[in-house]
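Here chain A shows up in two complexes: once beside chain B, once beside chain C.
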Partner chain A sequence: MTLSAFAQAVVDGVLTGGVYALMAAGLTLIFGVMDIINIAQGIMVILGAYLSYELSAHVGIGLLPGLLLTVPAMFVLGVAIEFGFMRRLRDQDRTQMSILVTYAVAIVIEGIVTAVAGVDYVQLQASYVNSSIHMLGFYLPDIYLIGFGLAVALMAGLYFMLYRTKFGHAVRASLQNRTAADLIGIDVSRVRTISVGIGVAVTAVGGMVFGATNAFNPNTGYDLISRLLAIVILGGMGSIGGAMGAAIFLLVINDVVAVWWSPTWAPLVYFAALVVVLSVRPRGLFGRAAVRAQ
Partner chain B sequence: MSPLIEVAGVSKAYGGVNALSDCDLEVHEGQVNGLIGPNGSGKTTLFNVITGYERIRHGKVSLQGADITNTTPDRVFGLGIGRTFQLTRLFMRLSVLENMLVATQRHEGWLRSIVRRAGSAQEKRRALELLDFVGITRLAHEPAGNLSYGQRKLLELASLLVADPAILLLDEPAGGVNPTLIKHLADRIRELNRSGKTIVVVEHNMEFVMSLCSRITVLSQGRALVSGTPAEVRSDPAVLDAYLGGEDDPSTQRQLASVAPGSAPAATVGTPPAASPRFPRPSPSEPRDDALLRLRNVTAGYGGGDILKDVTLDVPRGSITCVVGPNGAGKSTLMATISGLLRPRLGDIRFGHEVISGRTPKRILASGIAHIPQAHSLFPDMTVRQNVEMGAYTISDRALVRRRLAAVEELYPIVRDRAHVKAGSLSGGQQRLIEFARCLMLDPELILLDEPSMGLDPLTRGFVFEMVQQMNARGKTILLVEQNARAGLKLSSHGVVLENGIVRLTGSGAEVLAHPEIGALYLGGAVATAG
Partner chain C sequence: MSEPGSGAPGAGMHAIPAQPPPARRAPVLGAIGVTLAVFAAFPVLFTDPTTTSIAFFTLIFMISATAWNIFSGYSGYLALGHAVFFGSGAYAVAMSAKSWHVAGGWPVFALLPFGGLIAGAIAIPVGLVALRTRRHTFVVVTIAIFFIFQLAATNFGFTGGTSGMLFPIAPFSAANYNQPFYYVALALLVATTFVSWSVRRSRFGLQLLAIRDDEDRALGLGVKTRRVKLGAFVLSAVPVGMAGGLYFYFVGQVFPQFAFDPLFDLALALMAFLGGLGTVAGPLLGALVLESLQQYLTQTFSSDAIYLIAYGVLFLAVILILPRGVVPSIATLVRRRHAARSHPAGTMPEPRLRETAA
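Take a look at the complex of A and B:
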């Protein structure tokens, strides 16, 4: 492999990592706030992609303007799922049970999407999906640049929300000490519901970018969720910055292996990297135990 | 005779706090050994060290002279040391008998355990014998989840006996168990002891320990304070000090010691109820005009059991009212019930003229009651300023928040000086001040303060108590729960003694402090009066 191919693979990995971070951000947020592992996050990304697809292919609303509709729609879905399923889980076995419950939710969503859209692979189309710019000797596909830009913007937005707004303080307070949060008058249940809504809403953006860079069908959600979980675990569960770092780390490895060795080996190395890192740093790359200490 | 188990010089720290420091323990063969001590004195940690659930770097644990320091739990079990846990660990959906049969598989090879049929006739017979021994045979086919708390403790004991360990470590076997079952449990433990088993019991129920054990070790702050017979332990003034809290000012201690039993002070009101001859009943519920908070016949608890039983008490306006009582008396539950974290099952709670029982914590907070729970109630990863501002979460008037913040900074300069430091990095005493500051942001009328001195050294504790008095001087009524009974009562205008969820005694702080039965309450039976 030449040095330039290697460098191109690294750049691709960073850009793709941004897209994956976008998809994983909601997963890590929901875990952080609710202690819930949302297995349905993968299919929700695909649902977001299908919503974008329907809007662009059949209604004529472009991918980017379409987000103004798909993001609120996914927010409502998230709130409904929290209300209907997640808040009913008991505290003591919430995390384990959430895997079963959200897996069931994933199957239901997958079934509905399959019934409506069928199982054929589709891909989102727009003028910027297949174009790229040539810069500093690298080919940078426009859609990846847009996706990376959206990822950075959304991550910054989530970060701002969590660390600078009153709502964000309420989220962090309920996360760090539930009893104390109750005792200063925070409506912890409502804070959690809205947080899940936000966590699902960002998948609409992730779904749009994923759908524009990959062909997908309703089954794609399952392959996706395993990759997203790997990112969230590696980044330290509940850490948004960690998800960004871990996504870029894993996708760079993935892309370099794909170019240097073979695309067949890329997924194996992707998950092997997770195992290797966790055996050295069980909390993940950026996880801090103290944040969640009571 | 050399001890069966010997623990020598064991130290164990968690994040800077010493759970055990240079702790010694001797367990003698064929005896029922008791291990007592106030909350956080390291009893369970010591069990964990002996049974290999905690690893240590300093000290030594030996069994019959052989070093077993840092041996893994399964090996310790294999050496014949079995233990139960404070909270029972059973399979709630399996039947009682199935729980017993699961226990039979623990001590054989895994390979054999997967090829062999579960529950041979012989194992079932043995399991039923043990259930019969503890007296729950009739429940054999009930799911373990249907058992009462006490019955679960019995089942856990039975399942431990399956492996026939020579030494039994029992962690609070009587905790949360009703009196009839406690007696039964004590009988069973005596029977086991007669059949040759050595037993170590950690327990807060003093009557249980004192009547059962032949030898008792008292732990205090991670160290073995005293070892001896129940009579020796009970008559040792250092033990009472460990429970009631060290005294900074020796005069009160003399005062406490000099009150002879029988010279009932003014706190005694009403007639003693039949159920509890030791304690006079508190004054019945004539409403007091000066009461800010009134509880009437309040019963509350978590899950199946009642922790507070028919509690009636008044908190006078402008007072510092201190609630004391041994571990598990229901002090924190009382606070949680008032602040709405827990809904009372029966009775009502009035704040001024409003009935507040049944309201959400948010509404109770809005009516003017702030609750500062036991240690670690800050948001550790937020800054000091953010923590204090969170206290005003329910206020939308920003100008008001700024005014309150300025006032709080005036009162506690640390809020300004360490504004941008993460709250989790402050010392215990500083954290307590930030908790006070956060709660003052809403300018509450009544402050529920749960063990503000927990984990503080005496000097800091004195400072925190001064701050409590300062809040009181500024017009706040304070309901205080305090493990350090002497220090808490000395600070307070009013005292309440809670035991097993029942109000045993009320009076002024000094009256309660001077009451001769207060020592007995903590240590069970007669209290030392030698001065």
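Take a look at the complex of A and C:
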């Protein structure tokens, strides 16, 4: 493998890693605030991709303007799921039960998507999906750049919201200690509902970019959720910055192996990297000791 | 079956339902005997091949869910990668039958313990790596290891790649083809349930339960937590490996995408949860209900989509209505009624605030 092919693979890995980081950031936010592992996050990304697909193919609304509709729609879905199911889980075994509940939600969403859209693979189309620019010796597909730009902007927005706004302080307070947050007058259940809404809303953007760069069908959600979970664990659960670092680390490994060895072995190395890192550092690449007081 | 003479002082003694007092042992043994008789008679009474194959699949899941529960139910560590052992057992049996030129029929059944042994051997390094992490991280690590095995089975040459491996053809007559598989599965189920029951009653089982309740305290009290967890993990892998070998021998062929199926991992967890995590009877009941229901739904709804929606909605309803599972909920109910009967109005002891699932 030549050096330039290696460099190209690294650049691709960083760009796609940004988009995975955004999808994983939603997952890690939901875990951080609710102690809930949202197995449905993968199929939600696929649902977001299908919404973009229906809008662009049948209504005539382009991928980027369509986000103005799909993001609020996914936000409402997240709020509804939190309201309907997640808040009903008892505190003692919330995380374990959440895996089952959100998996059931994933099955239902998969069934609905299959009923409406069928199981054939589709891919999103737009003028910027197949074009690319040539810069510094690299071919950079426009959609990768758009996706990376969107992801970085949204993650910066998420960071700003969490660390610079009053709502963000409320989120972090409920994350650290629910009882204390309650006592100082934070409406913890409202904070939780909105956080889950935001965590799910990012899948609309992630789904649009994922759908434009990969062919997908309702089944793709399972592969995706496994990759997202690997990112979240490697980055340290609840850490948005960690998700970014871990996503780029894993996707660069994935893309380099795909070029240097073979695309069929790349997913295996992706998961093997997680296992190797965790057996050396069980708390993840960027994870700290438990911050939660409860 | 009220206990004569068990007055007020001894009333709080129902906390350990695993060891019923002698007076209640006879009906329990009777119930087990009747259940066994029903299972043994089933293929004689219902000879339709569609029915017996559904019964066989149900037994396979009863074995696997019970075995899964020996580790995950008792220790509280949710493992979502037991398809690794299901698939490895199947491949071990298929490969050994091929390379040792084993004839189809009963000799292949004799290879099942070998499949279990290989699954157990694979569980040692998998457990050593995965059990370095705790709880939530452990769940994800088992998923990751599962994908590694699935991809390896697809990519390596010696597994036959995507076209999989064939088993020797079983020379049973078409009319009675299912029966031998059914009875082998039933024998394996009885053995697995016995192991699960013995573990639940043993010191080893108590150590696992201690880990479930508070791992750090268990460690502090001198439980060798890593060794205990690894032991249970390996023990739970062996029957799953044998079930995998049996299942794919019945199907006749093993493919990577079916041998290492993520839905299998979740199905076991769901079955155990439905019946009652950490109980002996729970996974049996959960698998019996869910697998037969799933097979029924698949055959009723020709559309995959409607089947998925029906299954998912049902699944949600069960978790939200019976969050602790059927067996613990019934056990609590029975215990309450029993307590109410032995304590006339006014002398009822205060109910405990939080009971751990028995």
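What we mean here is this: the second predicted complex is superposed on the first by the 291 of 294 C-alpha atoms of A that agree within 3 Å, B and C clash if a C-alpha of one lies under 4 Å from a C-alpha of the other, contacts with A are read in each partner's own complex, and residues count from 1 in each chain.
We take it that contacts are C-beta pairs under 8 Å (C-beta built on N, C-alpha and C of every residue); 3 or more make two chains touch, one makes a residue touch a chain.
This one's a predicted model, so the numbers in the text were calculated from it and none came from an experiment.
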Superposed partners chain B and chain C on chain A - clash or fit: clash
Partner chain(s) touched by A:Thr2 [first = chain B, second = chain C, both, neither]: neither
Touched partner set for A:Ile99, first chain B, second chain C, both or neither: second
Chain B versus chain C as contact partner of A:Ile184, first or second or both or neither: first
Touching partner for A:Tyr222 - first (chain B), second (chain C), both, neither: second
Dominant toucher of chain A (residue count), chain B or chain C: C
Partner chain(s) touched by A:Ser127 [first = chain B, second = chain C, both, neither]: neither
202-210, 238-246 or 310-318: stretch of chain C that collides with chain B: 202-210
Of chain A, residues touching chain C in the complex: 37, 85, 88-90, 92, 95-97, 99-101, 103-108, 110-112, 114-115, 119, 222, 226, 229-230, 232-233, 237, 264-265, 267-268, 271-272, 274-275, 278-279, 282-284
Of chain C, residues touching chain A in the complex: 76, 78, 80, 129, 132-137, 139-141, 143-145, 147-148, 151-152, 154-155, 262, 266, 269-270, 273, 303-313, 315-316, 319-320, 323, 354
Residue numbers on chain B that touch chain A, as the complex places them: 339, 341, 361-362, 365-366, 370-373, 376-382, 386, 389-391, 393-394, 424, 438, 442
Chain A residues within the chain B interface of the complex: 166, 169-170, 172-173, 176-177, 179-187, 290-291, 293-294
